[in-house]
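To keep things simple, chains are lettered A, B and C as they appear, and every chain counts its residues starting from 1.
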């Protein structure tokens, strides 16, 4: 967004605003009676037994929380923006962890299962997604070229393909491929079937990404190459795609991150990936919550790592373009 | 999610069922040649089948499957496709048998064969521990809880047909004064535990579920003999009569020599293999 | 390919346009153009914007397709079904208004690409040739930079060097100085003058009348898709025949 070069007074430094915010925060915390939560426990010395503290306990908890919230905002406002972001992240993360902690999770159970979740679940998820995104990229290049071509046959196939596979739920494609292919004589296992379904589905989406990327390369690049006598394939490979790829990488990274999570759909055909194990491992001991939360953190961590990698790649291409 | 999955699978099966490849006679050969029996079962259904502490398949169904493979003289391998895919049939040789507590309904009989029933789930009545009721007949005219649209509710309405092959006959010996129709078994259990007559006087549900609830500490008591039984069978793809006959023999033998009742005792603490006797 | 030298026209005709017409939809961009270019000749095409001069030059290497008439390049007719278009294009260098350098490649790589990829020149020979051409346009020190690091004038000189590396038989310039800041026009024109003096066959669409006077053998004035007037530079500027030419000259020379 556009940041102006004139800085006004910070709202949070105005006494009136602080008081108003305090009032709003107090009312908000008061509305949800928080005396029965761990905040009430902390205030036990002041309000006595939280459950019996009544209106007094409720307002005391709300007041303390409101002061903490506004005080926090006020203090953060003095830091520079990087520190602000870091503090907010840490605070939200702690709140999030406290939220899970309040579930009374059995950490020894998580400890006993997390190894298997990673070696079997995470590995399978990553493996399926990585192979699928590679195949999907190849499909997308071919699809994009076909969609941009003047050949009616190629355009027809490519547009039918993207229309069909973008138009069906991925889950249905998984079923269609797993159960449908054997009907015409090709019996494939669950993992290859899942990879085919993910590749075809994401290939369809990525065809559009690649098409837009290729189209964004200026016409003059084609004219310069053709006027030098470069044939179509050479122009595509050496001139157009290298310029399109920096534009294609960010949305493709997003697709990969989305695919990591969509790959959980192949659990319906019995692939032991992360989601499958998250639902299965805790079932016998009624510890589903532990496994779901563990899987959630694995997915989240994996996504964050990928986001870092993606931004590195983006930076690399941006640098190259600006040199 | 479940319903969505089912709808999609159903739509697909309807569209591909016009193709009907022939696998006849080859299932048994395939198993014997490979030396491995590939078993489809659920990994998410304790105590029938689940992943144990060592992350291996375990449970009642798993033990039954292992015993079948042992008696065939082959090794065993488990796969875990979703229930919808298993019951849809046309397995294309991906796996050879389902040992997954399947009720052999006539609709499923169109695409699958059921070589042998290996146990029965009884439906029973339960009351709160302190209730004066000691037999199911005393529940006549009382308020009884059941899961909406379940076989249990249909039984209370005297409108139950289990079209499963091999269903033992039953009679309607309880007529409730009022049916309390709830969304699942645990809701009924919670109403029963409140005490006799508070919300309901008793409930009807699957015996293994009632036993498990009791074990988990709920103040309930099973009363009377089971109302009816649902048979549960192994299933194979339609077409290989040899395989069918062989499995039938193995399961009959497992009934006869007490293997199944031993396994049932191990996993449920009750012998469900005998059924009505 | 054997017909490349089969139909060499008389007088070393490099380019011959006979009754060429072109339409964009209903709009007629070229109307019965006849033009011949001999080996070593320098032609300057001028005219108001929308007069069809760029379209004409782009038809010569078939970046645009004409619908009527005949275009012969080195005796080969340019038409829809020709098989050897890439070979013909390799012999026609083209310099664009917006340079169209390949932004993901260094200056040196831009110059090496053509010879190495399609002319069958080895990498090291292509590099030698590229350096020689960069010397010729006086920017060898920029060889390892990327186009975006250069000024407009430098970029256009690289574009000229890139074309020269293909050792073309003829060079087409499509308004090569129109997109440049005024102070950079001179360095590009200087390069073009030197090229002209070396004997290169050139067709230039430009408004740089000084350049036309200095090196042009023939000035062609176009308006509304037609060639209105053609003459040697001296007569063209001193003694224009048509009213449209006079008006045009008065407009561009009055500044």
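One rule holds in what follows: a contact is a pair of C-beta atoms (placed from the backbone, for glycine too) under 8 Å apart; a residue touches a chain by one contact, two chains touch by 3 or more.
Fair warning: this is a prediction, and the values are worked out from it, not measured in the lab.
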- Tell me, please, which chain's centre (mean of its C-alpha atoms) is farthest from the centre of chain A? C
- Note on the structure: Centre-most chain by CA centroid is A
- chain B-chain C separation of Cα centroids, rounded to whole Å: 84
- Query: Using mean CA coordinates as chain centres, what's the chain A-chain C distance in Å?
  - Reply: 52
- Task: Would you mind pulling out the distance in Å between where the CA atoms of chain A average out and where those of chain B do?
- Result: 39
- Query: In the complex formed with chain C, which residues of chain A make contact?
  - Reply: 218, 220-221, 223-231, 234, 238-239, 242-243, 320-323
- Query: What residues of chain B sit close enough to touch chain A in their complex?
  - Reply: 4-5, 8-9, 11-13, 16, 19, 21, 40, 43-47, 50-53, 55, 79-82, 84-85, 88, 90, 92-94
- Task: Flag every residue of chain C that touches chain A in the complex, lowest number first.
- Result: 61, 63, 86-90, 92-94, 96, 98, 100-104, 113-114, 117-118, 145-146, 148-149, 162-163, 166
- Within the complex, which stretch of chain A touches chain B? 112-113, 116, 120, 169, 171-172, 175-176, 178-180, 182-185, 187, 189-190, 268-270, 272, 276-277, 279-281, 283-284
